[in-house]
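One structure is given below, represented as structure tokens, and several questions about it will come after.
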């Protein structure tokens, strides 16, 4: 059931479905081929559902041990809910099915697996960043909230601080605030320094750990093993030699 | 006193306090639950003060050897000063107590310690960057100060140069100045090159040294030690053999 | 034919041609020296064509095995097509001839070869990024297409998402959309996180693999080889010694 | 003459001079203390000139072998030229004297030396970037020069392309051009990809080679040397042993 031909068919259906969903974003195309596109989308969904059912049947409970399978299951399952097409957010989520292709193309699967492995290692840094965002947010809202629309409430402030941390027009925000609070630059420079540094650290840590994981597999140096075996051979040889010499002494003393 | 249960309580109080301070940024919530929030904040502060006093009492003078403890002490101490709530900057600093959680959660503590270790190694680079900012600031104020508001005095210029170094809308600043000084691009490109390069260097140096420190701990290659002991064994064996041969010669000459 | 002097002439012609094409972008210079510049351009093209013909003749079919030669062939060939100067895109492509200098200067050739080697290793990541752009594009067009001009159709949305991924004014775009869809920040932050992370990964992967390739060449540690030969010598010595001892025993038993 | 105390005095004069030049950027301070500041500047310059003369006298022609000395010489020499204070560019250059401090503080000197060492290794990449800028500049001027002020002539275009390469508001520039040339995105995306990639490569290469240089000094693994000497000892031992055995055989045959 998991044969190669079967996978090719599924990949083809995914691609066709992705193209169909892309076409449905165009009003002109929808007006003209709306019915055909809708039909194709339903057919694709039916194929996915059937394929999923077949895989669940074939693998049994083991099916749910793989997070890739969970992803497939949720993405297809959401589209099957009888909620009507009225809810535009669900219509938008349909395109997530296209991401299923990642689990079917080996090279992409490997890349995503490598990236995913890096996630646990960065939880502490991500938590630190979230903490900084919260602390900075409360501080900035208390300090500047009264006069600046960008720091009016905690949510808006958090977005503004995230913007500053990514370096997007931070100087404009700072100048704006400095008109009312001339010393605001102390806060901004401090936050920029700490925030950017932590964020940079976060990104680089992810990348490095992903690369480490990738390289770790082929790290056994072959020459070293060879040399070790040579040293062992030498030791054996010397011990045999000593035996010879001993037997020589023995034969002499007799 | 430093038992695990005690720490959990302190962590819980920190989280509650952080949430309370977050709620106080909202006018709507303050209007409705202002008294409760104020009370909760005071209770949390009391808990912190008590916990701190207990720890100072338990550890004695050793308490002040750890910079984590100093941080706790200052953050809590500031809130206890009888300065009134009128000073908004002090109100804003209260949220810094939430950072205490870093010293209590081991994984975060490790990350921050690793980052802190990197700091001494980058002082020279940071000094270089400050020097560049000053030299560039004096130069730009002398050259463009007359016609451009962004370079009116040394402080404003330093902020503008920092903005350029981070790459935030540098081209807009340059175009503005070039209307009065057509050759200003020479200064801007030069400063952008040197400044960005130094800053990049600075960030990467920090990250690298932090990672080096982290990896340095588990770097002793176990195979090498084993091989060394094998070579030693070999040498012993050969020396023993030579003794044997010598005694053989001796026995012969007798 | 590929002699050093010949190459110097070709490099000189490339540089002159590049300067001529640069001068032709200036209306003032074209008005004054238009005929001379045109003539120089034609002469340069003639030299290139002759040189290319000579190389094809000299190397025969082997000529087309090198991708550098293909590049030369296409760049010169395009200019020889009898399409008239009316098509401005072809006029613009003429300057690509200046890139031929990369294949003639060894140090640049090495750098570009190193970068090119990195390309196959990143196809999976690039594919992942394209997939994200498509999936995000369809999603954003479905969600925000009705009210926001930046997400009107799939092409425009893809450009906007690329802009967000590079961090260029992403907060401005988000704020604009949030006026109509207050929850749009969920999509934006999610996309920013995943997109930036993948893109960063992509770039760093390229750079790292390029550096790895560069270093890979001179990685044989010379000391190790020496040590290995010493161990071999030692083994030989011990074996010879054992032969000696054996012959000693043999001579004794006789 | 190069004694430590002498250096401390020079460092102090440099710092005072830098502060004086900083004060001179302020109109208020100049109006009040203008004469004092001018006097201090002249005194500092006199000290520098005297110190430089002393060093040239002490070291003789060797003085000009160090590029640090050349820097000192040029920076002080420029200020001594009898050009009058009217030329504001020369007034601005005076602050470069503050950079002399880099050559006097060992830790800064080491950092700058490390960065400087990295420069030769990146010339090929920098040349490639300049070539890309020129080729892209000619192409963009030819294509968009007619309708877009940002691409009016080669110089303006080069600045715009540099802006795009650093990712500063590239989408704004692109959208502006796309109003007249709807297909302009092909050029922009292509240039952004190639340009950003090369630039990133350039920066990372610099940083990496600087770090390599720094680490290269303390890379000799001490254990390995020890192990090698042990192997040598072993070989000597075995050879001596063989001599013993030979003499044993000799004594026997007699």
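Labels A, B, C and D are assigned to the chains in the order they are written; within every chain, residues are numbered from 1.
We adopt the following convention: a residue touches a chain if its C-beta (ideal position, glycine included) is under 8 Å from a C-beta of that chain, and two chains touch if they have at least 3 such contacts.
Computed from a predicted structure; not experimentally measured.
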- line: Between subunit A and subunit D, the fewest touch steps amount to 2
Message: Starting from the defined contact criterion, work out which chains touch subunit A and subunit C both, please.
response: none
- request: With centres defined as the mean of C-alpha atoms, identify the chain lying farthest from subunit C.
  value: B
Interchain centroid distance [CA atoms averaged], subunit C/subunit D, Å: 26
Query: From the C-alpha centre of subunit B to that of subunit C, how far is it in Å?
result: 37
Message: Two-or-more-chain contact residues of subunit D, please, as numbers and ranges.
response: 167-169, 227, 231, 234, 238, 241, 245, 248, 252
- prompt: If you go through all the chains, which pairs of them touch?
  reply: A-B, A-C, B-D, C-D
- request: Spell out the residues on subunit C that touch subunit D in their complex, using ranges where they run on.
  value: 18, 21-22, 24-26, 88-89, 91-93, 95-96, 98-99, 101-102, 105, 107-108, 110-112, 115, 159-160, 162-163, 166-169, 203, 206-207, 210-211, 223, 227, 230-231, 233-234, 237-238, 240-241, 244-245, 247-248, 251-252
Field: subunit A-touching residues of subunit C, taken from the complex the two chains share
entry: 123-125, 127-128, 131, 134-135, 137-139, 141-143, 145, 153-154, 157, 167-172, 174, 185, 189, 192, 196-198, 200-201, 204-205, 208, 224, 227-228, 231-232, 234-235, 238-239, 241-242, 245-246, 248-249, 252-253
